[in-house]
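Labels for the chains are A, B and C, by order of writing; each one numbers its residues from 1.
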Amino acid sequence: MLKRVHFGTSVLPYLLLAPQIIVTLVFFIWPASQALYQSLLIEDAFGLSSEFVWFENFENLVSDKTYLNSFQRTAMFSFSVAFIAMSTALVLASMADRVIKGALTYRTLLIWPYAVAPVIAGALWVFMFDPTLGIFVYALKAIGYEWNHKLNGNEAMFLVVVASAWKQVAYNFLFFIAAMQSIPKSLIEAAAIDGAGPVKRFFSIIFPLITPTTFFLLVVNVVYAFFDTFGVVHAITQGGPAKATEILVYKVFYDGFVGLDLGGSAAQSVILMAIVIVLTVIQFRYIEKKVEYT
Amino acid sequence: MAQVLLSNVRKSYGDVEVIKGVDWQINDGEFVVIVGPSGCGKSTLLRMIAGLETISGGEISIKGTVVNKLEPSERDIAMVFQNYALYPHMSVYQNMAYGLKIKKIPKEEIEERVQKAAEILEIEDYLERSPRQLSGGQRQRVAMGRAIVRQPAVFLFDEPLSNLDAKLRVQMRLEIKKLQENLGITSVYVTHDQVEAMTLGHRLAVLNEGVVEQLGTPIEIYEKPQTVFVAGFIGSPSMNLINGKLDDEGNSIVLPEGGTVKLSKGKKQYKGQEITLGIRPEHVTLAKGKENGIEVKISVVEQLGADTLVHCTLGKGETKISDTGFVVRLSGIKTFEEGSFMSLNFADKHLHMFDAKTGKRIE
Amino acid sequence: MTEHRPILTFIAHLTLILGIALVAFPIWVTFVAASHEAARMVQVPLPLLPGDQFFVNLREVFVNGIAGAGGIPVGLMMMNSLIVALMITFGKIAISLISAFAIVYFKFPFRMAFFWMIFITLMLPVEVRILPTFEVVANLGMLNSYWGLSIPLIASATATFLFRQVFLTMPDEMLEAARVDGAGPLRFFWDILLPLSRTNIAALFVIMFIYGWNQYLWPLLITTDRSMVTVVMGIKQMLEAAEQAPQWNLIMMTSLLAMLPPVAVVIAMQSLFVRGLTETEK
């Protein structure tokens, strides 16, 4: 934590920390405590008076069907994104781990979507699935399927999941391939001598050994799907049709900025904070374990 | 004049005292080696002189100035670190010049000093290289060059050779010795290697658990170890140490495993006392008859070419593989049958006796 | 590989090529769309091969923007994005470097309290404190300014942790040697610590630049002035305009431009990018 040899007490460390601490206090801790406080208030429609109501906002949320639905939807959405992005990346990484020629070129061509902003990813996919013009819609029509995600909630959900997962494959791929390449070659060779074929080796050696990475990625992907996909949803569906794609982060934004329900939005923020805290704790717990594996 | 003076120097971390009152003075131009097993506090002591550790009690002065509260750079010292601590992003020249630059010494003088140090160390050709491109021995030289250019009152060396391979270590040892003699700068050198200690130092300080067990020339320490610890620590293979008891007249030592060692000069004043008897492996001789000594069982024989080491056990009982007990060093190649017995002779003048309770030498 | 199995190797290559095709297809479609004239982009089926209007469209959006979406030139948007991204990147790196330096190399009262305060920011992404943060920025008069777009985002536990880790693995003897040489804290930081951390700084730069460039929700909240729009936000306004009059060729051209800088950074500085990504997750 601290160097064995260090500089003595003076005003300097405080000065060095000041910028970071000031930004943290003003833009993180103060707003977060405001959110906590506001979550206990109910404001009238004109924002003129507010009343301290303890946990009424939370009680309202828990009994609010649209909120519970959004919660369920977000969970479903997150795990779908995580599953699709991770399994695609796993397949690609295990293949890339096999090839020697062109491995770097493949990596280059696979990782760049990481750099694409979520909202642009949304724009790309919404264009390809535009109900009147989209290239995929045209192809689907050719095999007799009428696509319209502006009307069909399931199709809308499918589209946001695919667009979100598309962006995340790159990240997972990098971590999977790094994990696979850190497995000692001698282990693979020992298994080969024991007579295990490539497929068997993958399931009995490689996959178990990269479990820590898999678990880590699962957490990261869920966090990504929870918090970083606002742009995708905003670009593709705006939460529609009929709230079919309204995930929690979108709802906080919508209820707060469009619906102007400050107390309710703050209460949602607090719940999201709790989720982030739980996920962060899981992630850090895991990192302690990771030390044993490497 | 004493260059470095330590009086009752102490260091503790919380309740644990690691340096328990060290007093000594190091004279101008002297080379003092602090030697001891790992964890004895020798590096801590050196770092206290350097100013890298605070001093919990007592006083350290360098050239007559108390330095307890001074920064390392204000103490007129230079230090060579165990892993050299060269700045990897600077060239050899920049590494050597860095301290001088901070001191705001004029550019020409820096240039001159670095050149001179480089000549002494024969590293002129490497000045523009980065430390990464150098071999271990070259890095070692740069680290010394960085110390030399400062022209300090005291050189401090913290196990500087421990990262080198055996062959290079011998070579660098000689170089350090020559360099110190030529420059005549007072030096304090920390090592756990007794060969380094014996060959380099004008004087040795044998440190054990924060206490200086003995301070003296290498020969004094070899010939007259003042404590059992020093006796066992200096010398390789280690001195044989056996428990025994002086008889009622104080004329001979009775060994519990059987056998007695007669003394030519009786020690009346210690009669009947429990003692530790010490004899170095190279001082043991084979007995022709049953003269003055003991009988041992041979367990392992190691042929080193120039010498033969015979590991024996005292007494006649069954022996375990891990029992080595007693070592005899004979010059030349000698053959022995393992498991057989032999009689050993201890020459009186090579015997060391220590009080079994205090561990102090008995003359 | 362990054994020679040409068929498996062939399958591996095939899968990878398919994967790349899958990943790259949206970009191809985007590129094709950006190279046709507006009239072609309303006829079904849309083209799959590029047209000849690429540079015409490029000039159009760069200079004039899209009329239906406010007519803000994309060149201006990109300039805004660049300024904001660089401010965020440099700000984050600078304040994280000095705070990690303070935490690792100094002993002072409340050191751990500060450390935990920074740690907490990990658990408070913008998304969960949207409204109150907006209020703070509004009260400080920072709406519609580069400061408002960047400063609230420059506190970073991730970067601080990264540098803390880098400093902790730095050998102690570096500092000791520097002290014997007479270097004070700031000199040590500038002469020794910074040069020795430059690869980590570069790696973090890549990651943070992407992060800064791709900011969406935050600029969306605090910018109303059209001269402050960033290109990532601009896309959304164009999509809304597309509901009335779809100008997909121009929208897709803007998308291409918006993703170009971060993608170029990833490809050009691939090894730094990979390093940054894996390091920031430690």
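General observations
The criterion applied here is as follows: a residue touches a chain if its C-beta (ideal position, glycine included) is under 8 Å from a C-beta of that chain, and two chains touch if they have at least 3 such contacts.
Because the structure is predicted, anything quoted here is derived from the model rather than measured.
Among all pairs of chains, A-C has the largest number of C-beta pairs in contact.
Taking each chain's centre as the mean of its C-alpha atoms, the one that lies farthest from the centre of chain C is B. Between chain A and chain B, the centres computed from C-alpha atoms are 61 Å apart.
Centre-to-centre spacing of chain A and chain C amounts to 16 Å, using the average Cα coordinate of each chain.
Counting partner chains per residue, chain A shows two or more touched chains at residues 5. Multi-chain contact residues of chain B, defined as those touching 2 or more other chains: 52.
Under the contact definition stated at the top, the residues of chain C that touch 2 or more other chains are 176, 179. Chain contact summary for the complex, chain C toward chain A: residues 1-3, 5, 8-9, 11-13, 15-16, 19-20, 23-24, 26-27, 29-30, 33, 41-42, 44-46, 48, 94-96, 98-99, 101-109, 111, 114, 117-118, 120-125, 127-133, 135-137, 140, 151-152, 154-155, 160, 167-168, 172, 175-176, 179, 185-186, 210, 213-214, 216-217, 220-221, 232-233, 235-236, 239, 246, 248, 251-252, 255, 258-259, 262-263, 265-267, 270, 273-274, 277-278, 281-282. Contact residues on chain B toward chain C in their complex (touch as defined above): 50-52, 71-74, 77-79, 81-89, 98-99, 102-103, 146. By the touch criterion stated above, chain A contacts chain C in their complex at residues 1-10, 12-14, 16-17, 19-21, 23-32, 34-35, 38, 88, 91-92, 95-96, 98-100, 102, 106-121, 123-128, 130, 132-135, 138, 166, 169-171, 174-175, 178, 188-189, 192, 198, 216, 220, 227, 230-231, 234-235, 249, 252-253, 256-257, 262, 265-266, 269, 272-273, 276-277, 280, 287. On the chain C side of its complex with chain B, the touching residues are 171, 173-174, 176-183, 187, 191-192, 195-196.
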